[in-house]
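Labels for the chains are A, B, C, D, E and F, by order of writing; each one numbers its residues from 1.
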Amino acid sequence: MIYITRRERFCAAHKLSHPEWDATKNLEVFGPCSNENWHGHNFVLYVTVKGQVNPETGFVVNLKDLSPLIKEKVINKLDHKNINLDVEFMKGKMASTEVLAIEIWKQLSAPIKAIGVELHCIKIQETENNFVEYFGE
Amino acid sequence: MIYITRRERFCAAHKLSHPEWDATKNLEVFGPCSNENWHGHNFVLYVTVKGQVNPETGFVVNLKDLSPLIKEKVINKLDHKNINLDVEFMKGKMASTEVLAIEIWKQLSAPIKAIGVELHCIKIQETENNFVEYFGE
Amino acid sequence: MIYITRRERFCAAHKLSHPEWDATKNLEVFGPCSNENWHGHNFVLYVTVKGQVNPETGFVVNLKDLSPLIKEKVINKLDHKNINLDVEFMKGKMASTEVLAIEIWKQLSAPIKAIGVELHCIKIQETENNFVEYFGE
Amino acid sequence: MIYITRRERFCAAHKLSHPEWDATKNLEVFGPCSNENWHGHNFVLYVTVKGQVNPETGFVVNLKDLSPLIKEKVINKLDHKNINLDVEFMKGKMASTEVLAIEIWKQLSAPIKAIGVELHCIKIQETENNFVEYFGE
Amino acid sequence: MIYITRRERFCAAHKLSHPEWDATKNLEVFGPCSNENWHGHNFVLYVTVKGQVNPETGFVVNLKDLSPLIKEKVINKLDHKNINLDVEFMKGKMASTEVLAIEIWKQLSAPIKAIGVELHCIKIQETENNFVEYFGE
Amino acid sequence: MIYITRRERFCAAHKLSHPEWDATKNLEVFGPCSNENWHGHNFVLYVTVKGQVNPETGFVVNLKDLSPLIKEKVINKLDHKNINLDVEFMKGKMASTEVLAIEIWKQLSAPIKAIGVELHCIKIQETENNFVEYFGE
């Protein structure tokens, strides 16, 4: 079993606020992340898949297959977008990095299985000081 | 003459669009940066000042003086904000990294002179693949 | 289960030397790290916690709670200090990165449980070429 | 149990091509990596070992023992070399990062056991956008 | 006057050897860089241009114009190539980073002038420990 | 004229305190950097030299000449040392990064001239948030 990780990036806007809370409570819980006019990040996404090495190619998976799939299912939907407003799979959900990691897992798990490997980890780095990891359960 | 550089960071949303152009022209010129619902970045700001070394302290400038000044005049106004909507000194201006560098220079030049050194360069990194530098003229 | 990691930094002095060994043996075992006048590092600390996502906030843990706790229990005690001389929880212990990781685990494990999540990993990077990880057992 | 990781680097040339396939098929599968005149990378190798902390030294393993061993068994054979042509332990194998990780594991597993710790992971970063990890099984 | 820098990357093989020197002399002068079977690097290219800010766009130059031009004139000719064998503009020249920087300047200077800005600096990073800069004279 | 930069690193302890000031004044001016028991950093040194390209080698300077010279004159005297106590060329001087840059310039300027190039810049990075540059005047 070998693990291979592909790094991709997307620049997006978001805000953290609970729709049923007022501005004061949102500010108390989410601090400046609740700014009503949005803020944004250079998010870095690490997709780790695992599988056996194909003896003919030496590859677990051809990155020529994996990278376009990540772009199609995830990056194109998030890059230069507003996570709260523009992203179908985040509609009605909190735009936290944790929730984003779980929802990206749901977008990628089946398509990655379809190209012959298994999704192992979704890691998202939001700033140089924090990142989240999700392993599917 | 010694040059000293302080790095600070701010996470902000912005968009690039000319108010007198329609969506088609804005998309043509600015590409995905014109997304009406905003996108954002982890901007990195490098402020370089120059001066003589003070023989008593060994410092050109005490970072205990320089860093709070940058925070007060620039970072607090930009971090977790929308550059187009929330930032007084960017009102009515294009929210490009170039213009932002010039306007940050204007915010910092006099206050930095007031603490005894001279502003040399404002550098802003927008993504890992591009940055701008402005030397005041 | 989601894992979230907070990065913090501290600049500290230390030396590696066994109190019952002479300078020759300490030099033989620890090399230049045994320099009697100390040396130092920009240590980077990564604290990883795990837990369920709170559906109201989208957070595993609010970094507004986690970060000050790490600062209070660990960073304020280590930053701009001498690990051998100034740090209560390292008294009488070897000031290696391994031992430091274990002792930081002991400082953080209970307080992190008290804010509702579980400490998963303490990682300390000493130089760009080496780091240690401790998972509590 | 503590995990310690040593980072080493090597600059090498390689190409990906199946000896029984023609140029068209190799290009189709491996893309520009099949260029017959080679290309190359600054590979970064992370060797993670695990063990108990020695109470006398505070070390899991003395990096003065681990680092020369990695240099002798791996780095000296790969640095400024052609992976396909110059490296004994890669002869007749696909020069992919996955296969390289597995073969480096085979070179290091026993010697690392001989200095009292256990090899845990071989990680190789090929570019800033992809890396592989192998845990020995 | 504002300076803007675009970062691009290419993975290439090369070797350093003087065609009229024997292997012993080449090894003496160039060390392991003279390995006859090549070695390679992840080269990082920084192209800095300078100009006035266009008041309509806020840009010195639209990166949508600059980036494809760098790709067409330089990156596509170097990426996944052998600098000594595959690159027309390096034919008959030493494949050092210094010479490469000068030759890339020659490829880009006129095309960059044609899109309305002036080439200021070509910087090439060969490894994390060395880089060269060329300002055109 | 080509500029080439070599990066080297040293891990050292230091403190900032004026010998004629009491602890209160030193704390007021230097903050935690005045801790009497020292602190330390992973300092990163960038040495930039300039010169003409030698047409036979393609080099401005052979790094096989430059790097050992930097190690002998600077790194070996600073690495795993106490800058205030152990370093001859810093005796009686403030151990600030600014002063260190100027003194390293003095150590390297003549020896670098002796190998045929001119020292252009000494840059020292003390933490990820600050660095100084000195150009010799």
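Operating definition for what follows: a residue touches a chain if its C-beta (ideal position, glycine included) is under 8 Å from a C-beta of that chain, and two chains touch if they have at least 3 such contacts.
A quick note: this is a predicted structure, and the numbers were derived from the prediction, not measured.
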Chain located farthest away, centre of subunit B as origin (C-alpha): D
Identity of the chain that, by mean CA position, is farthest from subunit C: E
Same-residue or different-residue interface between subunit C and subunit D, half as cut-off: different
Centroid distance [mean C-alpha coordinates] between subunit C and subunit B, Å: 34
Chain centre separation (subunit D, subunit E; CA means) in Å: 28
Centroid distance [mean C-alpha coordinates] between subunit F and subunit A, Å: 42
Residue list for subunit F, restricted to those that touch at least two other chains: 31, 128
Contacting chain pairs - touch in the sense defined above: A-B, A-C, A-D, B-E, B-F, C-D, C-F, D-E, E-F
Interfacial residue positions of subunit A with respect to subunit B in the complex: 9, 11-14, 31-33, 35, 37-42, 79-82, 85-86, 127-128
Subunit A residues touching subunit D - in the complex, by the definition given at the top: 1-8, 53, 55-60, 62-64
Touch list for subunit D against partner subunit A, complex: 16, 18, 29-31, 93-99, 101-102, 128-135, 137
